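Labels run A, B, C and D following the written order; every chain starts at residue 1.
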Amino acid sequence: MNDSAPLIATLLLSCPDQKGLVARISQFIFQHGGNILNLDEHAEREESMFFTRVEWDTKEVDLSQQDFENEFAQLADEVSANWKIRYSNNKQKLAIFVSKYEHCIQEILWLNSIGELEADIRMIISNHTDLEYLAKQYKIDFHYFPINKENKSEVEQKEIALLKENKIDTIILARYMQILSADFVRAFPSRIINIHHSFLPAFMGANPYRQAYEKGVKIIGATSHYVTESLDEGPIIEQAVTRISHRDSPKDLISKGRELERSVLVRALKFHLSNRVLPFGKKTIIFE
Amino acid sequence: MNDSAPLIATLLLSCPDQKGLVARISQFIFQHGGNILNLDEHAEREESMFFTRVEWDTKEVDLSQQDFENEFAQLADEVSANWKIRYSNNKQKLAIFVSKYEHCIQEILWLNSIGELEADIRMIISNHTDLEYLAKQYKIDFHYFPINKENKSEVEQKEIALLKENKIDTIILARYMQILSADFVRAFPSRIINIHHSFLPAFMGANPYRQAYEKGVKIIGATSHYVTESLDEGPIIEQAVTRISHRDSPKDLISKGRELERSVLVRALKFHLSNRVLPFGKKTIIFE
Amino acid sequence: MNDSAPLIATLLLSCPDQKGLVARISQFIFQHGGNILNLDEHAEREESMFFTRVEWDTKEVDLSQQDFENEFAQLADEVSANWKIRYSNNKQKLAIFVSKYEHCIQEILWLNSIGELEADIRMIISNHTDLEYLAKQYKIDFHYFPINKENKSEVEQKEIALLKENKIDTIILARYMQILSADFVRAFPSRIINIHHSFLPAFMGANPYRQAYEKGVKIIGATSHYVTESLDEGPIIEQAVTRISHRDSPKDLISKGRELERSVLVRALKFHLSNRVLPFGKKTIIFE
Amino acid sequence: MNDSAPLIATLLLSCPDQKGLVARISQFIFQHGGNILNLDEHAEREESMFFTRVEWDTKEVDLSQQDFENEFAQLADEVSANWKIRYSNNKQKLAIFVSKYEHCIQEILWLNSIGELEADIRMIISNHTDLEYLAKQYKIDFHYFPINKENKSEVEQKEIALLKENKIDTIILARYMQILSADFVRAFPSRIINIHHSFLPAFMGANPYRQAYEKGVKIIGATSHYVTESLDEGPIIEQAVTRISHRDSPKDLISKGRELERSVLVRALKFHLSNRVLPFGKKTIIFE
């Protein structure tokens, strides 16, 4: 982002549905000098909930970021809203967890290097050293934490400390072949993104391509989701599929899956980084 | 739509871009008792134009439809806007033009019969009698206008008169194998929807499947667009494609194309009927 | 098919893999005057099984159909093959089971009426009378068999008798909302085709669109499969998917699903009717 | 490929259609000890041409490669066939031409490094030095040939000499922003593969994303084709598309296109390298 790029603010907000919300929010932003560039909203009828995402150019806003948030908090309180505002010059800090597969992390590192993600990738954490070369290539800190049954809890505590210390906003599990403990997950709610190599909820757990092969499905998929304490059951952010046939061996599925996995994870990550995702219960609202 | 269904108003508006438009419009609707259900907008940066679509529940609106429009017209004038408001109890009146192919019209008639389109299909016009049986089956007026070089202009005048007399809102060319004159087209601007059986701008004109076969493309498509005076060049509303291979004969392309054509035409028609399309120059804005 | 259309024979064969199978089979056909139009084969390495599909023009074949089969049986025995030969002038006899949904059966009836399926649809069987009008429209026998817990076994016996008496080759469950008993299924092995409105194995059982809605998936699917004694677990013939978003209500999923269901069922049926499907264990080989 | 991997031979053959071709060819291979693993064929009815691809395990073949070819040549002559046989231990030698865009070449280099392409990438040729770092990273020779109007013919002669000297089988234009002369193209018939960033034949020539943006299409594509003397008109090997909307700026199209371009080029390259492509006139037969 160069100096002359406009500073954009993005609001994500959810609250019980009620009349006049769009008018009140857009009026508030307008009155304080914000030029609304995009406004998207969704009313979930079964739950009677309201969700919105608003982007505005802050150039002529008449309040500091802090004062704007303080004033907006009053409006938000009146409608019992959960909300956050992010600014375009405040890149999210990422940590990427990997084991031995390179296709997902490589894609993320490359896309970020050409300005497609606008993320601040602060560290790569791995239980193996296989991908250390990528960290060197892209000049990112690499932390090697070998894990076994005995030391798992202790290692996770060190990882959590490291992540907190570096104020990591979002953790990407880019084919990280370890299951995180409930304690770890609770430390980063809606802030850990995983890629699972199946069309969830089909083929949860281990070896989904093998499961797909044995079931004889004609289509395989990949799913990116927020990590919750229930394995492979967190809110889905993005999914995609590709056709297979009886000619495809399990090895072919792995090969076709690589392309799916990396593109689904990247799309999920782009949604997340551009503040387009509102997790709600077991689901997500994606403002594309 | 049953009696208890809410009466929904939909605004489509375009104007030169300027600050505060979303706030002004949403505030106006809110102040008059409208409960905004959906608001979508788009700013076209290269052209500096603003487009919006707003849906609101009119239950507690404090003005008659006429008064609401009169008052809104003042706001619209101030921002030099083109706009229209439609109400959900005011179904669009359609005329469907066909020749001999049934797949597109059959799909439209069936979907409307199960409530998927919410259109008022007033008449079928054809230069052949092959599809009169469908008109009977669905109890719709059928008008047979045989056309040849000599009578074309005269017949079109009769058709225009018939369409005007019946206050037809939108004309669907459901594989109508005649080219409409410029006079006819000018009588219904942005109100004639065609389906062309290729992925435009590839393979304009006659026999697009034959053209695709001879070119050896690996994918074929269909395109639905508004009809303008330039054949096959009107603003595109919707497109879709399907894979083919060297095994597909020209006959196979026609068969695969049938499924494409009807689904693309129906999607375009749904966008149009739910007031989601804003034509702008040679293009369209589709508020999905 | 007109008189001058060539009479095509199609062989489907599976056997343990061994050297020279393609050569032996193609040589046999060639020596008896058959002109091979298509040959497709597949070797399943994990199971060491061989599958093939061969089409030939029978114009200059020097044996009667019966003699050809007798001679071929010797070759087939030597390689321990399962096989069958079908001729293009011998249309399969179909029975279609429905309840109240029309979209799938309507598509099948229409496509057959324009020559796209080349099936001999002999009867429609239903536990309701809602779709009798389609039977009349297409001049097909309609059999009404109301079913309840008490009479289910008895009714199924009547249905089986009716189907056998009419030498029905294939049964289509076109959104038939009853579960067939194991006895019924065993009477027609690999000859009953179902459409399930989910991307199996996700969302088995009742209300799959509701399940998909509550899970928050971003893609929904439909699956056509042979019916076995395990509900929704028979060998998959065809699947397809479509994207959805948080904006889609359960009703929208039903609407989007209709298009999926009918197209997936029709594709499966086309594969089956053109002898392109070899069920093998829990899976299928599809020679596209 | 490890020592124990079977040595596979692949035949690609085209000839005027006639009876018994499949039988003769499969019999020939079988008689000489070849175990046929795959056989695919296609008869082009309009042109009365026959095409086939056969793969066999050579382990028990009773002739040397040279003798096998000599004997097969007799059969081929009798049926006036064009043909070639390739062996799996004989990797194709590739040269990749690039200018400044890295996404396509990077994908090819990476996939080859993990064994997905089984190509022998011998050199990278560029008119810029921007991507020399990739050559270093993957330890491949990099040749820098700056080109301008004056030296173009001379530089091409040097490139041709270099390619011939290194016995390059196939040339990949991985977003090479120069037009090759007719002389260059004639030196490598059906051996130069290009990626064009549009759904050909739509948007030939320069700036196809800009053209697509201005036309307002709802889908963009990419096309990989053999290079002939007519720019962007060579036989198409592979195409793919992706949806866009009015929200996508020209910059967004470039970003979405990157993913398309690399995946289409890689698929085309995989078809070519596994001997699945038979160019025929202005089209290709792809034995998937």
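As a convention for this text, contacts are C-beta pairs under 8 Å (C-beta built on N, C-alpha and C of every residue); 3 or more make two chains touch, one makes a residue touch a chain.
Keep in mind the model is a prediction, meaning the values are calculated, not measured.
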Quiz item: Most remote chain relative to chain D, going by C-alpha centroids?
Solution: B
Quiz prompt | Result of counting contacting C-beta pairs for C-D and B-D, higher pair | solution = B-D
Exercise. For chain C and chain D, let me know how many angstrom lie between their CA-based centres, rounded off.
Key: 37
Quiz item: How many angstrom lie between the CA centroids of chain B and chain D, rounded to a whole number?
Solution: 42
Practice problem: Note the residues in chain A that touch 2 or more other chains, in rising order. | Solution: none
Practice problem: Using the touch rule from the top, collect the residues of chain B that touch chain C in their complex. | Solution: 106, 110, 116, 137, 255, 259, 263
Practice problem: Please name which positions on chain D make contact with chain C in the complex. | Solution: 19-24, 26-27, 29-31, 35-41, 43, 60
Quiz prompt | Touching residues on chain C, where the partner in the complex is chain A | solution = 42, 44-45, 199-203, 214-219, 221, 235-241, 245-247, 249, 282-286, 288
